[in-house]
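Quick notes on the structure that follows.
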Amino acid sequence: MGRSASQDVLITLVVSAVLIWVMPLLISTYTLTVLVIYGMLGLSLGLIWGFGGILCFGQAAFFGLGAYTYAIAAINIGESTVPMILAVLVPAVFATLLGAMMFYGRLTDVYLGVITLVVTLILFKFVNSTAGPQYVIGKARLGGFNGIPGFQTLNVPGDPDAYVWGDPFFYVCAVALVIVFLLVTWLLRSSFGRIAVGIRENEVRMGLMGYDVAARKTVLFAVGAAIAGLAGALFANWGEIVTPNLFSLGQSAEIIIWCIVGGLGTRLGPIVGAAGLAYLKFMLGQQSMVDNTLITGLILVLFVLFLPRGLVPAIASVLSSIFGRTKRRPNASRTRRARHG
Amino acid sequence: MSLNRRELLGGAAALGTAAMLPKAVMAAGTIQLGSILDTSGIFDAYGKPMDQAMRLAVKEINDAGGLLGKQVEVAAYDTQSDMALYSQYAQQLTRQDRVDVVHGGILSASREAIRQTMRKTKTLYFYNVQYEGGVCDRNLFATGVTPAQQVEVLVPYAMKKSGPKVHILAADYNYGQITARWIQKFVEDNGGEVVATDFFPLDVSDFGSTITKVQQTAPDLIVAPLVGGAHLSFFRQWAAAGMKDKIPLASTTMGVGNEHKVLTPEEGNGIMVAYNYSQELETAANTTFKEKWQAEYGDTTAIHELAVSTYQGIMLWAEGVRKAGSVERDAVIEALETGISIDGPAGKVTIDPQTHHATVDVHIMEFDNQGMTVIETLPQRAPIDTQAVCDLQTNPDDNTQYEIEI
Amino acid sequence: MDLSFVILIEMLYAVASLVLISAGLAVVFGMMKVINLAHGEFMMMGGYATITAVGLGVNVFVAMLVIAPIVVGLIGLIVERLVIRHLYGRLVDTMLATWGLSLVFIGIATMIFGNTTTGISTPIPGFAVGDYQINGYNFFIIVVSIALVIAMFAVLRGTRAGLIARGTMQRSDMAAALGYSPDRIYMMTFFCGSALSGLAGAVLAPLVGLVPTSGGAYIAKAFITVIAGGPSLIAGLVSSATSFGLVSQIFTFAISPVIGEVALLIAAVILLRMMPQGITGRFFKGKM
Amino acid sequence: MAETVLETHGLTMRFGGVTASDNVNFKLKAGELRCLIGPNGAGKSTFFKCVTGLLTPTEGHVYMRGQDVTGWQPHQIASLGVGIKTQTPNVMDALSVHENIWLAARRFHNVSEAHGRADEIIDRLALGPIARTELGQLAHGERQRVELGIVAVADPWLVLLDEPAAGMSAQDVDRMTEIIHELTRSAAVVIVEHDMQFIRSIAETVTVFHQGAVLIEDHVDRVMSDPHVRAVYLGKNS
């Protein structure tokens, strides 16, 4: 990495502080909140796909699991602190089990894609068919297709009556994203992160060096799931309802599209892609000229064809060529290979 | 729950946001009506005609001089069949557009996604869709029919035509589960027996094994509250297996989104249903309504139950505003609670003050050549299911969706 | 006795429809190592092509078996020329691009046909087996998929094109070295694969209500069946369709359709965990 | 008497009906350099894969420094201090030379030590000028050399190399020979090879594989003059 760690942290903090101050002047905080949450979700896949080479077709499963865990725990506990923690832990544990099963089975690329897709489908189908009164966890009815409304939303820890919502909730989410971003940065700078990149590049070699590739991929997968789970819990708080759609393939598809459009192999790309496309979708809902699915599809096709590295790397290379900085040349083959991981 | 603190925080937040935002340009002296419907995505077969009906109703009001001398302006959002967008646009409507009333929501999940926002921001909310019943919220008016209203009349009629043994095939979600229970109750009340009940998630489209299973239970009648495009396959596969003339079918949902126009006469004829509206209603009100629709959109085939509910919902609200002489929420609620009624395309619709649901005419109908022929009209059926659990007159702070214990 | 016959037919039907759903995807994947995620939408378009043709007065069987495959095959050809051909050898990129295409097709179909469910009724009447009525159309689907498998086998075994195709499957560079342009082979393959998808969509259309998003219901199943089948085209297709079809029907009859679907998915996970290269990667290496 | 570092007992590997490796008993002493030779399909690569954990043998056992490692994963075997280089260059193309070697060093050392070790190996292999270049942009010989660096940086006591000289220029081969000799100072080395020129230049004892089994095991000169071996290489049955 070009910059030193402290520079990196400083730049991140300054830029995000400015953004957190300026953005609410342009877009309503309620919409911004969900953009931030989607950014976090995009980052979760960007981490495991872009830096670990694990293409997960079911990142939405962890998102949904986080949201449902939060909702169910919040109904049963009535205070949001423990549910928030559980919403991070449950997806992480689930991902650990799933990851161990897949990675120790030496499943790679397409096969990995199928398994994650299938697991997402199973979760979706299960949750979708829990409308009956027999599906209860503690006090919480799972609700099937209709989802779970009316749970305790985020409160100041220890004080269940002090709700955090509206603008304060936006700031909580934004700060959470900054913290997650810094953690990801730290992780990628650490040996663990560099080894993960090594595994993305060549699993066999890393195994022959003595690294337990399966274990490391499992851990990375779980970290990604934990981040997605946190995003899910925040989303549950934002929407005040959770529905099986969170688990849907459509949701998984969107996450993948965010990463592609934003730029794989970068930390910023998936966040930018997620926020940008979600905002586009929001704007499109205010017109009815062209079908919105069509536009999303076209964007994806055009990006794969003409800008396969995504926006952020493309902009970075344009900027560096303008300002002539001797930054490390972004490598096209890098992203390509990452995707085939 | 300390609502005060919440409202304080939230209120401050709303104020702060609004102050910073370029406020939506709105002409002074107009009334703002917010609409939030899926006009694209998988639910648009429901949402598009509802949107058309909403615009038709508003146009009619404006052509007649508006409300309280002001024109009604529409702020409409397409939620693209995406639940997350409901939350977002609800915030947009209430905090930025500051509308005076919101009409919309299709699925129960979408209603629950926006209901609390409406309540918190004190924005009057109309949910104009046939649904499972039981929502008890002073801020909400539900103008669609609920299961008891339909089932109470449909089941005895269908059993009389067929026999006492009933097999229920229901959509596996909130609506289907609750409706199935009501069907069971009325089957038993009428001296019948439910031999089996099966639930199907909304994406099930292969009913081969189900058709075999039904033949094993050998019922006299099938009541099928099945929902959506995938479930339509049941009616088709049922006919393809040659079962249609052997066991009669009744449904509380088939046709709500004009599904009967997709089935061929051979597949559809004879299926028994009970709704508030049918295009084939031979009343002056319906004829006029269809003429107006024809003039506006050129084609009346798209009109369905939910579109008419929406139209009636807006007319009820307008009536409430006229009576209150204001668009202010509490005044309008009080006016509506006097038991206001209007004469809509589907007959007289009256607000039930106790539940904020609607008392409507219910028509027993049979499919005939891709239309719904009215067999019998049962005037002014009250929402008895919701009435059993909800009394907003004695408990105005209630904010629950009850599951009605039968 | 009657009941077991009826159940047997239902099982055969389940297997047959899986074969039908997956054939187009299997051809494209087997030959080109391209996973066409717009496969479900190709099926959807096959359905719409049939319904439109029937609406114009064409005989329903002609519409299903001739018009729909040709129309969808041509659409596939255009797609291949415009998009896929730039992405050969980039498995994940083709998946993403075809995913995008599937959304585009849904959008276009929505704009043309609207989201209202449409459909045609089944052209074959039901009949009685003892005390039971069964859907006569199930037989038609079973027959079509058997014919399809035989035809695929005959083409691959018995024709020059099949020989080239088998060669390409094994070593795509060899075919090129022998003077066959891989570009043309791929183009033809994609045409055939799309046509098969169109055929499947058309043949299944009378059983289900069609909406522009109908394709989504098929793609996951087809994807799972093809990948679990592994590298051998026909053996893989038939073996995995049989295993999944049987598993899902057994659970459907024993418990419920949802459990049947979940059982299929769980079977897929177990199968891939045990045989990461698919069934034929393990048992039928090097066969077709 | 030097310690036995690698030993196999009755190692057998069958693929379906084909026996690719047939009851191989093999012994390697510390500090020894051994070449495995044989015509294509003789089973030397299968043997190599069974020893390195890339394949699990059907029958028989593999011992390293007396420990039974049969059925271990490659990473477990590597963790013992065994350096492995596969036939095709197996490196991280998008990473620089330094990063590649650092990653290997990091497995057994902490971050800063790993940097020191990596720099040292880069110096030793004269990779300094290209240390910051990504491997994807290097020539074949350089990539092979980097892979040897990856093996060497971990200080292995046993090194297993599959065709290290394949596809290299004469000059590259010379340098390779040098590096391998250097490795033998601290480790026992097994080389799978069929380039006779290279073997003559490097080996003392060679093991000849034929039809999955060990045909002969002797000093390189005697092996080369053995009529059996000649027959095998010329494709005649003796």
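Going in written order, the chains are labelled A, B, C and D, and every chain counts its residues from 1.
The rule is short, and it goes like this: contacts are C-beta pairs under 8 Å (C-beta built on N, C-alpha and C of every residue); 3 or more make two chains touch, one makes a residue touch a chain.
This is a predicted model, so every value here is computed, not measured.
Note: the chain lying farthest from chain B is D, by mean C-alpha position. Centres computed as Cα averages put chain A at a distance of 32 Å from chain C. Taking each chain's centre as the average of its CA atoms, chain C and chain D sit 47 Å apart. In this assembly, the C-alpha centroid of chain A lies 36 Å from the C-alpha centroid of chain B. Each chain gets one centre point, the mean of its Cα atoms, and the points for chain A and chain D are 42 Å apart.
Annotation for chain A: residues touching 2 or more other chains are 125, 129, 291-293.
Shared interface positions of chain C, defined as residues touching 2 or more other chains, are 110, 258, 261.
Applying the touch criterion to all chain pairs gives A-B, A-C, A-D, B-C. Those residues of chain C that touch chain A in the shared complex are 35, 83, 86-87, 90-93, 95-97, 99-108, 110-111, 216, 220, 223-224, 227-228, 258, 261-262, 265-266, 268-269, 272-273, 276. Residues 191, 194-195, 197-198, 201-202, 204-213, 331, 333-334, 337 of chain A are the ones touching chain D in the complex. Listing the residues of chain A that touch chain B in their complex gives 24-25, 28-31, 34, 125, 128-129, 131-133, 143-147, 149-150, 161-168, 235, 238-241, 243, 245, 281-282, 284-286, 288, 291-293.
Looking at the complex, you find that chain B touches chain A at residues 1-2, 5-6, 9-10, 12-14, 16-17, 20-21, 39-41, 77-80, 82-85, 87-89, 91-92, 95-96, 107-109, 112-113, 115-117, 172-174, 176-177, 199, 201-203, 401, 403. Residue ranges of chain C in contact with chain B, taken from their complex: 3, 6-7, 10, 13-14, 17, 110, 114-122, 124-128, 131-138, 206-211, 213-214, 217, 249, 252-253, 256-258, 260-261.
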